[in-house]
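What follows is a group of structures, each given as structure tokens.
Next come two complexes built around chain A: one with chain B, the other with chain C.
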Partner chain A sequence: MTDDALFGFPGGLELPDWKHWSTGAPLRTLPLPPELVIPLDQPNGRSRLLMEPGDAVHRGQPLAQPEEGWAVPLFAPSSGTLTAVEWRLSAHADGRRLRCAVIRCDGEDRPWPGQAAPCDEPLALEPRDLRQRIRAAGVCGLGGAVFPTAEKLEAAAEQGVHTLIINGIGCEPCISCDDRLLRDHADAVVEGALLLARACGADRILLAIENEQTEALAAATQAAASAIELRTVPARYPSGGERQLISNLLGQGIAADGLPIDQGLLCQNAGTAAAVWQSLHSGEPLLDRIVTLAGPDLPQAGNYRVRFGTPVDWMLDYLDVRWQERMLIQGGPMMGVALQDPRCPVTAATNCVLLADADLLGEDGEQRACIRCGDCAAVCPVRLLPQQLHWYAGDHDHDALREHGLMACIECGACAVVCPSRIPLVREFREAKAELVSADLEQDRARRARARFEAREARLQRKREQQEARRRAKRDALRKAGEETDGTRQDPRKAAIAAALARRRRKQSDPGGDGGE
Partner chain B sequence: MMQSAAPHLRPRHDVPRLMRSVLLALIPGTLAMVWLFGWGVLLNILLCGATALATEALMLRLRGRPIAPALGDHSALLAALLLALCLPPLLPWWMPVLGTFFALALGKHLYGGLGFNPFNPAMLGYVFLLVSFPGSMVLWPSPDLAPPGLLQTLAVGSGMTAFDMVSGATPLDGLKTALAAGQPVAAQRNGFGPFSLHQEPDWLLINALFLLGGLYLLRHRMVAWQIPLGVLLGLGLPAFAAWLIAPDQFADPLFHLFAGGAMLGAFFVATDPVSASTTPLGRLYYGLGIGILVWVIRSWGGYPEGVAFAVLLMNLAAPLLDRLCRPRIAGQG
Partner chain C sequence: MIDALLIMGLLAAVLGGLLGFASVRLRPHTDPVVEQINALLPQTQCGQCLYPGCRPYAEAIAAGEAPINRCPPGGQATIRQLADLLDREPEPLDARHGSTPERSMVALIDEPACIGCTLCIQACPVDAILGARGQMHTVLHEECTGCELCLDPCPVDCIALLPRDARTAA
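What follows is the complex of A and B.
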């Protein structure tokens, strides 16, 4: 293990850990629920269903394929019957409804006969084949953003990256799925990291772990191949954020509108690495993920391997968790989404189900006016001035918001958590961002409309000029013709003679004479 | 089921707690002032405090705002205490009342209440009184005499007797008068020895205790460290340079740092976040500006003490400083 100095990142704050609730017990596997719900609309794109309601499905059978945006192919997580395609409430802050495929499980979990053959030596595959297999397996980022892994790898291979960073840091309190994964299956993470590095062409691999995850670190140290450098990072929120981690490990800043790939870096979550290895090794697509069940005084807290589509309420009921009086959060207390419907299914984004209450999170206090104490700016990992953004957001001052870097805000919530006036800063910024985006769209539309208008005007003008020119040419020709006819009205022959005479006259006399006319 | 938007975690501290901590940190210096200058200090605090609460409630009511939450944030009490600590201890009762009313009604609520005032309300109230009643506002009890008793204080406070028998000059006053009379600094009564070890002990103690309170606030990160550091440097460095060059005409830096309202100003007045600069670098410049202005006013101005003017002037500069000192956004050029 190398112990290079860290570069740190701006701001950040110490938060309660709350990981110990769920790290004690080893990874367990949740059984199959009677019904699986698979959202066809994905966070970054949409997919098209390949079957009809009533069709029988097998485990791992293609269910939907990408149609729009950045989507991954979806697969039936278990065998049974596709019963319906319905609109269901999703794990979205705005309570959006999504189109979902509903599968009634037959409990037999029969595998699809058409699935890819297991690959014993995936590292021997060509990078292109690796990427193709990862794409076909529907692997996406399991850290929360759910971006298709193959797309990232393609871009990385195309632009050329030198370093792959595997993020094993639980990004916020409560979430311990990566910690537990490293403790129990560090080898899968390491193998997956090697595969990812081969797939994107990186020759250096860093595996970042929080310094308090001592057992995960021990397991990773044991499993790590010589090609992998282990790095420990102090627990300081949001140390697991992609840009913060890069800043911390390499001292490099990534511009808000840039990507790590621009600097030859690729970040992948530890869970994603393990999923890559698993899907290649078994030939099965990505059908499940590790979900942390967290909450204070919760004996069932722990990490569970859960099939995609498992409704959260079924999971909690199965584990005999009394959740009705608590608040359900998908994700952590900082960036998680409050579940509006407990029947929301587990998806690739469900890293944690947190049962929270006011005792844990703190009481709702009275919101007061900003006193510009600057505590928010002190913890902002992007070095923004939330207290100023708050003013400008209230004024809808788009220019000032842009100038103060609103779009660079990563919505980590650090500012809101330290605000003594309890101003919902993140909510304000999210709304202001949406406002800026729609203002941009509006402006863009106006610009295009103006360009269109101007183009039309120019075209009409051109047309008018052309017409005018044509008319003038015609007129000139007519006049010329008229004048010529005037001179030779009687007879073309006489006219020819007259012209010849005129030529001779012109030759004889000075060239300035009017003989030509 | 409870609902909320991320982050779900709630802040652990709040504005009332912040204000309470600042009030707490003011206690040692305040007690010293009561002990050294007598009941008048306490009377001022009571008058200012009561007026502040009444004014706050009245203004909130006139503005149609809920009264209880704003009264509960203790910001009015803090402004009142800061103003009271700046006032000479023997004043007719209506002066502290008028000053506090001006500070809160005009200096705070007419701008929109807590968070919206461009000027430090306490300093606005103080300057209002100083400009309106310059005669009364520079009379401090002589340190050579025992502090006036309760009855005497009440007699002056109620306006029954004028305050004449015990008036003296603060060290800053004395310095100014003596320098104006052509006496060198070293020849003065209190013997401003090298680094002022023999400085007027009263003011030394008061300033030391306010410094202590300020350090407590810094330790608990209740105030931005850049501001007091800036004030102390801005006051200390020019004073040091001038004293090195012309020790006869300029008091030494330690005298300046422990005289008048230096520590109270640096840690409690200048650090009012609402009216101060809010960017890290801007705060340093803001503090430096206050410190330099205090030294300039003390050295050449018409008033012996300059904290209030310096703070108000820098309040004006805070928005500009914030524009100029915006931190570089992470990851951008």
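What follows is the complex of A and C.
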């Protein structure tokens, strides 16, 4: 219940807590927009559309199924008509286009007749059935990584986990969707946590809440079943990061290339737990999420339950927000990405829409040279040396970047915020990471090309040798045949002619024999 | 005196025998320098260096027959690495052999136009083209190195080179 027995985590920093911007009003539900846009390419995988443009769809009807990588099945968030499949700008930092299904809503929101029956006692289900239902409902991690929840549970059940950690800490300033969810629906989070624990076989459940979220804490205390241990942690960014939270609660470090599952731990976001409970209880797949709308001096700020596919600009226009002159960010001020196209749809990854007047955390401004003050290294929660990485990234020195653990960077942004020279460190690290990944890809391609080239050379060599061997064998055979007929050396060609004549005579004398020669 | 001569002579004979045995039986099968050079080359197998593939070029470099600046797909980065490995001065890329492409390219067959002549299949150094006589051919774009060797033999010019990411998105 208190900050007892916390182990802390390296680095981190105190940030202004801007959650109060959006926690005042209770959770509200946004109405249906006229058009929904569902990206078929998901952050961790791709899915295949199950319908044709022109088809009528119902709410909760399967729209696409996983095809590649770690993807979840997608469902029509409302009823209407599937009008098109087009390429649309996404909320990625590099502004890539994604294949999207566009649904024109008919406003009636009719449910799909084929959907699963509601389950009154989901806790009575077998763990295997639970996982199967969670998979079929398309539930994925709502903390931002949107990894399929069922895959995580399968891996956890296979390897065996003892502790489930429910993360109720808003990962960044401004984002309050988990806080508001706990205040208004703590029972759903608790029920969902029990279901997740049963599905993965964990017998201990920890629910982590930030100590400043007093109302969320009160609601959770009231709802928590005896099986759930509540833990409060002090607000210190990035205390909501998975590895930082584990280090803080249990004092266990997770190797950069390892997973919490390796140590018998499983982390799930509070929103994910509530989504599991809701989808099992109602039989309906995951169709919406809670989105925080935040920004300084924004009367409409708050938390809204938004159907997937709702375009962000429609949402803002509906709420009468004047967004045109402000910067739109998906996510928080630390790790969020600027929306290049305000028409980007709300997806499972959209935890927050932030309206910022540039320079919210003061990381913009004129960039100066690194003065090697070391502040960045002091706040890095993964114990990296951002200043060294900054030099190596500038030099494109891949080996040094790897040696200094660039790939372990969680892109939390703490180093960039404290940098007195205003160096956009995280942007540099993201680009360097992309460079390393593509260099690996090139390396892998070169390795394959080399193997294929060598295999081809070997095959051609073998073919030449075989041809040579056949030629020699035939010449020898002919010579031998000639020697056998009359005991002396004879022209092989004459012998071949003689053999052919003999075959023909044999065939004529026996017309019923094998005539296919 | 005799003892010392005997011992030294015996020692020389034994050690000489050992060295002789090692030089014959324990000799490394390939020249490791060739392997190291080959590992740095991009394995495009394009032949722009005028050797029939990356490995032959690596052998020529190792033998001192070829300069290190003949590989356009590898570009300046490969030249720098080769210079590091062989302890030579880096040189600018020899422009007579081509220029470094800005993006990774792959071949794409305009399939309706393909007459199924198999000439490109025979030209492909990494077996990345599938097809049979009289049947449409296609490129396994994940395996294609963008070497351009299939462009020339095509009698109907139905092969084009596209950036790899454009090919994936198409």
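In the analysis below, the second predicted complex is superposed on the first by the 432 of 517 C-alpha atoms of A that agree within 3 Å, B and C clash if a C-alpha of one lies under 4 Å from a C-alpha of the other, contacts with A are read in each partner's own complex, and residues count from 1 in each chain.
In the analysis below, a residue touches a chain if its C-beta (ideal position, glycine included) is under 8 Å from a C-beta of that chain, and two chains touch if they have at least 3 such contacts.
These numbers were taken from a predicted model, which means no experiment stands behind them.
Chemist: First (chain B), second (chain C), both or neither: which does A:448 touch?
Modeler: The second partner, chain C, only.
Chemist: Of the two partners chain B and chain C, which one touches more residues belonging to chain A?
Modeler: Of chain B and chain C, B contacts more residues of chain A.
Chemist: Once the shared chain is lined up, is A:420 touching chain B (first), chain C (second), both, or neither of them?
Modeler: It touches chain B, and chain C stays clear.
Chemist: With both complexes superposed on chain A, which partner does A:64 reach: first (chain B), second (chain C), both or neither?
Modeler: So A:64 meets neither chain B nor chain C here.
Chemist: Mind working out whether A:276 is in touch with chain B, chain C, both or neither, as first, second, both or neither?
Modeler: Touch status of A:276: no partner.
Chemist: Where does A:243 make contact in the superposed view: on chain B (first), on chain C (second), on both, or on neither?
Modeler: Only chain B is touched by A:243; chain C is not.
Chemist: In the superposed arrangement, does A:256 touch chain B (first), chain C (second), both or neither?
Modeler: After superposing on A, A:256 lies in contact with chain B but is clear of chain C.
Chemist: A:456 in the overlay: touching chain B, chain C, both, or neither? Say first, second, both or neither.
Modeler: second
Chemist: I'd like to check the shared interface: which positions of chain A are touched by both chain B and chain C across the two complexes?
Modeler: Shared contact residues on chain A (touching chain B in one complex, chain C in the other): none at all.
Chemist: Taking the complex as given, what residues does chain C use to touch chain A?
Modeler: Residues in contact with chain A: 38, 41-45, 53-55, 104, 125-128, 143, 145, 169.
Chemist: Residue numbers of chain A touching chain C in their complex, please.
Modeler: Result: residues 97, 442, 445-450, 452-457 of chain A touch chain C.
Chemist: What residues of chain B sit close enough to touch chain A in their complex?
Modeler: So the residues of chain B touching chain A come out as 1-15, 17-18, 69, 73, 112-116, 224, 273-274, 276, 278-280, 283, 322, 326-333.
Chemist: Mind pulling up the chain A residues that touch chain B in the complex?
Modeler: For chain A paired with chain B, touching residues are 9-10, 15, 93, 173, 243, 247, 253-256, 258, 324, 326-329, 331, 333-338, 340, 342, 356-358, 361-366, 368-374, 377-378, 381-385, 387-388, 404-405, 408, 411, 413, 416-422, 424, 426-427.
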